[in-house]
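Each in structure tokens, the structures are laid out below.
Each of the two complexes below includes chain A, the first together with chain B, the second together with chain C.
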Partner chain A sequence: MKDLNYNQQFEFSGKAKTYSLIAIAIGFVAIAFGILAGHTERTFANLLLMSYYFASVCMQGILFCAIQYVSQAGWSASVIRIPQAYAKVLPYAAFVLIAVITLGLLTNHTVVEEGKKIVEPYLYAHWATKGIVVKGSENYDAVIAAKSSYLNIPFFFARLIIFLGLYSIFGALLSRYSKNEDEVGGMANYNKSFKISAIFLVVFGFTTPLFAFDAIMSLEAHYYSTMFGWYNFAAMWVSGLAALTLITIILRQNGYMTWITDNHLHDLGKLVFAFSIFWTYVWFAQFLLTYYANIPEESVYFYKRWEPEFKPWFWLNIVLNFCAPVLLLMSRDAKRAATVLKYVCIVVLCGHWLDYYLMVMPGTVGAAGRGFGIEEIGIALGYVGLFTFLMLNALSKTSLVPKNHPFLEESLNHHI
Partner chain B sequence: MSSHESIIREPLITGDNITYAKITDDILVPVENMPNKAWWIGFTVASAGAMLWLYAVSYTFWYGIGSWGLNKTVGWAWDITGFVWWVGIGHAGTLISAVLLLFRQNWRNSINRSAEAMTIFAVICAATYVVSHMGRPWMALYTLPLPNQYGSLWVNFNSPLIWDVFAISTYFSVSLVFWYTGLLPDIATIRDRATGLRRKIYSVLSFGWNGSVKTWQRFEAVSLVLAGVATPLVLSVHTIVSMDFATSLEPGWHTTIFPPYFVAGAIFSGFAMVQTLMLVTRKVLGFENYITMFHIESMNKIILLTGSIVGVAYLTEFFIAYYSGGEYEQYTFLNRFIGPYWWAGCMMYGCNVLMTQLMWFKSVRTNIALSWGLSIIVNIGMWFERFVIIVVSLHRDFLPSSWAMFYPTWVDVSVFIGSIGVFFTLFLLFLRVLPAVAMAEVKLLLKSSSEQEKKKLLEQGHVGKEQAEFYKENLIKYDSVEQAEYSNI
Partner chain C sequence: MDSTKYILGIFDDPDEMMKGIDSLKEKGVSIYDVFTPMPIHGIENKLGIKESRLPIAAFIFGCIGLTAAFCMLYYMLVYDWPINIGGKPHFTAPNFVPICFEWTVLFSSFGMVFTYFYSNHLFPGRTPRVMDLRATNDRFVIAVNAKTNTQHDQIDSCLKEAGAVEIKHNDRKYVSYE
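Coming up: the complex of A and B.
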């Protein structure tokens, strides 16, 4: 790699900047449209969905970097700047997620359920409705009251802020060490990254299930599934891998990161392929055990998702997230063909939007308020724009290759 | 990648003047010579255990499973506990040979052979439990969907137990093929060095391996295909074993996290068993240069990782028991600590989660005696995990009037202890007739990842100073490296 420019830097301007700003504008228009059209709850549900997705992908960036350090992976050293870039975006994503949840929890609307008027918040109405844990209130719910020492507004926010804050700090540390390494070389920064990564993995491993229980599972607060945390973990991991692969391919197509060869793409493709299967495994295990045991408290979750409004989407989820990556990426050649890989990654990213859609919608707007239109597409586009803008901006701050990374030589000569 | 391997990677083969011939000579010592005293003592003890197993199982078949300590509340106890324990142990071999191959972890090359052999013997032990469960083993054929003359009898495809039969028999066949394929070049090496009858036997076993380029190409291709097939199998076997419990309505059994949690636990116990065996084998057979401190530490790291994953699953179960608000669910988990089996609960959580956390310390991970002790503790802890899940969940069911304790009979105990004897008998025989380290695969690493090659690089001085220091610091933990040689490089 004689002709390698170790100071190659991404320049954030032109089309990438314009288009991501346009996408953000579309997002705002869609939010305004949703509220004006009287679909406030649906708008909130979409905002929660995309904020969660956004934060998850950023978290995956930190996780990816940490795993590379702890497992002493060599091949990935030359792409590590990309997950680092989106790790740096996590504080923004965390802010957006917490802001959306705050707004959704603290603003109320009146709904009529079984002839009874109830004033409930837009998000987390199943446990945050006023009076739901107060004995004697007409909204009282004994099951929710039993878990109110965990599911209550102050503790809920404390957890969200602590978890996302901790992850953000680890992300910032990993990027900082990597940047310092560019400047001073040597092993000191690598050693620090290794240690911080190991600590991060412990913190992350023990807290992400709770993060998923809080942000998503508690939308249907009566339902519980021990698998839910790992199911969300699998979704986060594979969608982040698809994002990483997609960004790598697009950057390379635009003349950056020319050192990324088909061998690197092959490895990325293998990861997307394998973890799509892993996601399906976890999804199926949760589904099968619920279906087989048929305990009402649990099977109500899938019952709702088998109502006619959701059932086609339910099966489409498997087509997009399992059949598509498995069949399209099965062969070696497909994983090494940038175009095939690119489109599969887009399908997987859309597929996981649908996966989150199926987790969020039945518990918020329900079958009656469900839709797929301007709100869904517009808000999703808005977040894609926001992610692209912030991520590319972060990426442009450092050179694209970590020139003093001890495994860089291995990565540049990677061959499989 | 070989010529670009970073200097900071620790060596996988240590020692000076290691040549291809020396690798063959070192590893074939136990195969080409008469066994020593240590082997005979081990073999005598192990085969006494195997005889005990034979007696206890024959007794079971003669008198029926009434000879076990089961009662109407606890209708499934040591039998299924032993089965799940052995299947779990049988996960490490295929994980090492298949998953680590896909992840290009070269250090697997020195330990995969023994780990796969161990897998096969563990799955055999597990399979004997399936048969002895039946009480009437001659009825075993009814677990297979075969046409029969007694009418339209057909296996119950809705039952996870029948899924188990398919999963385990598939896993066993693929593991066996994988192991045997990997053995072919090594068997051919033994054949070429042998004479007389031994040569004839190994000649047949080597399937005509001639070491040509074409043979090697096919060998590589088939290894990759088998790794691809075996990887989902590693996950599927314990997933299905977990479904034996999780599809039920029993609190403590029915929980959706069971499949991946059981798989993590299986890999955890499997690696512990590999560690137990390898640490002894390494010492007794003098394989210190091939199974190095790096291998030991890496296995300890995997034990720590999987132990922690299991820990997350334990905590998730406790949390959801609280969160669900279900009183039966909550009682089941409380009963593990405050019930009459509190000691079993303490063994389960203490050995599997608390003790493995010691491996955060490098001084523990690189201490051979401690590593061996911890691997035994994990094996004990994982037995108790299954005992707690199975017996402790069952013994206090929905009806307090039917609550009961389980007391094993001598037959229960003998079948279990005997199965350990069977396992070790098979393993000790394996060490005599086949190479315990994959010679051909270790040789692949000699020119890139051995201490002597790395030393040449250091002496040539083309590596970064700090990286060289980092490498030398990492060598200090090796018990098979002459530290003095590095003081003046």
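Coming up: the complex of A and C.
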């Protein structure tokens, strides 16, 4: 690795910048279209979906860095700038998510349900509708009232802000230590990263299930599943890995990060492959227990997803997130072929959009208001553009390789 | 006629051994095998060893396990003795999944172990066959077939130059553990 340029930096300009800005513009147009076409609730559902996806991928970046530090992994040192760039984007993602939730929760619309006019918020109507926990109100719901000591608006926001704030702080600390390491060298910063990563993993492990319960599961607040947190964790982890692999391959194809060899791609491919199976495992564990026990308040979740409007998507979810990665990435050669890996990662990323779609839509717009059109595609594109723009911007701030990372040499000579 | 069957170049440093492989290949000497106490990166490519076909065996065994589990469950729960459990249909595919999965894993892992044993001629009670005892401890050994490569002096000097600590001319292929 004599010809390695340790100061190589990503230059954020040209096509990448133009296209990501165009994508953001498409996103705004789609939002405007959705509201003008009278699909405000559907627009909000899509915004929530993509904000959650966006924040999850950024959180995964911090988690990836933390795991590499705690396990003292060597192979990943040469790609670690990319998840660090995710980590730097998390504060923006957190802001967007909280803004969408605030807007959706605090603006009301009137719907007619079973001949009754109800004023309910666009998001989380299931538990945040006015009067739902007040005895004697016509909206009173005893189940929600019993949950209201946990599921109430102030505490809900407090949790969101604390969790996302904590993750952002840990992410900022990790990328700052890595930057200091570039400047001064030595082991001090690595040791600090190790310590902060260990603390982060404990905090993250206990709080992400709650984060998933709050942001997504509470859309259908009668339903509960203790698997749901891990199910979302698996989705977050595998979609973040797919994004990391995809970005690495695209950067390499554009002449950056020439030190990334097939061996690094092989490792990333193995992670995408393995965690796709893990996702399926958790998804199926949740499904099988619900199916087998057949308790009404649990079954209703899958009942809604088996209505004719959702059933094809429900099965497509398994095809995209399980069959595709497992069959396409099973052989060693496929994991080492950048083109195959690239397309599988795109499939997995789309698949996890669909996964979140199936988590969000039945509980918000329901089967009647379901759609797949300008709002869905446009808003998804907008967030992809936003993520790309912010992530590449963060990536261009530091060199693409942590030049004083103690395991860098091992990573550059990585061979499996 | 020289009775030497195999020439062993014994190294105490893996890098020197890798150099030895290179210089032997330059001279056009074919290498019979290399024995090392630990895995060495890049040695398969250097020796031109074909990729293992064990994963293919694993896949096939997995498919057999999946089919076997499915057939067993179908026979028992649907065909031979259908029982009404919780009002569910007799052929309940989701319930089949855990057992099919477990049998897939079981068959592919055992199948892999047995395939590995078979292809390496290993089974309990088998006397291990090694060409040099210290190759399992702290020495890196290059074995050259002396019958097909007849320039023994050249091979010796080549190994010596690369840094071999010892060169053996063995009349028997394997040494025993006696």
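Details
One rule holds for everything that comes next: the second predicted complex is superposed on the first by the 416 of 416 C-alpha atoms of A that agree within 3 Å, B and C clash if a C-alpha of one lies under 4 Å from a C-alpha of the other, contacts with A are read in each partner's own complex, and residues count from 1 in each chain.
Criterion: a contact is a pair of C-beta atoms (placed from the backbone, for glycine too) under 8 Å apart; a residue touches a chain by one contact, two chains touch by 3 or more.
These figures come from a predicted structure and were not determined experimentally.
Considered on the superposed chain A, chain B and chain C are sterically incompatible, since they clash. When both complexes are overlaid on chain A, the residue A:Trp313 reaches neither chain B nor chain C.
By the touch criterion stated above, A:Glu297 is placed in contact with chain B alone, chain C being left untouched. In the superposition on chain A, A:Phe95 contacts neither chain B nor chain C. Once chain A of one complex is fitted onto chain A of the other, the partner contacts of A:Phe33 are absent, as it touches neither chain B nor chain C. Within the superposed three-chain model, A:Tyr343 lies out of touch with both chain B and chain C [touch as defined at top].
Of the two partner chains placed by superposition, only chain B is touched by A:Pro406; chain C is not. When both complexes are overlaid on chain A, the residue A:Ser331 reaches chain C alone and has no touch with chain B.
When the two complexes are superposed, the chain touching more residues of chain A, out of chain B and chain C, is B. After overlaying the two complexes on the shared chain, residue contacts for A:Tyr256 are found with neither chain B nor chain C.
Of the stretches 93-101, 201-209, 309-317 or 471-479 listed for chain B, only 201-209 runs into chain C once the two complexes are overlaid on chain A.
Within chain A, the residues touching chain B in one complex and chain C in the other are 288, 292, 415.
Listed in rising order, the residues of chain A touching chain B in the complex are 72, 74, 143, 146-147, 150, 185-188, 191, 202, 205-206, 209-210, 213, 224-230, 270, 274, 277, 281-282, 285-286, 288-290, 292-293, 295, 297-298, 406-407, 409-410, 412-416.
Against chain C, the residues of chain A that register as touching in their complex are 284, 287-288, 291-292, 294, 330-332, 415. Contacts from chain B toward chain A in the complex involve residues 1, 3-6, 8-9, 102, 104, 232, 235, 239, 243, 246-249, 254-260, 308-309, 312-313, 315-317, 319-320, 322-326, 464, 466-467, 469-470.
If you check the complex, the residues on chain C that touch chain A are 41-42, 51, 55, 59, 86, 94-95, 97-98.
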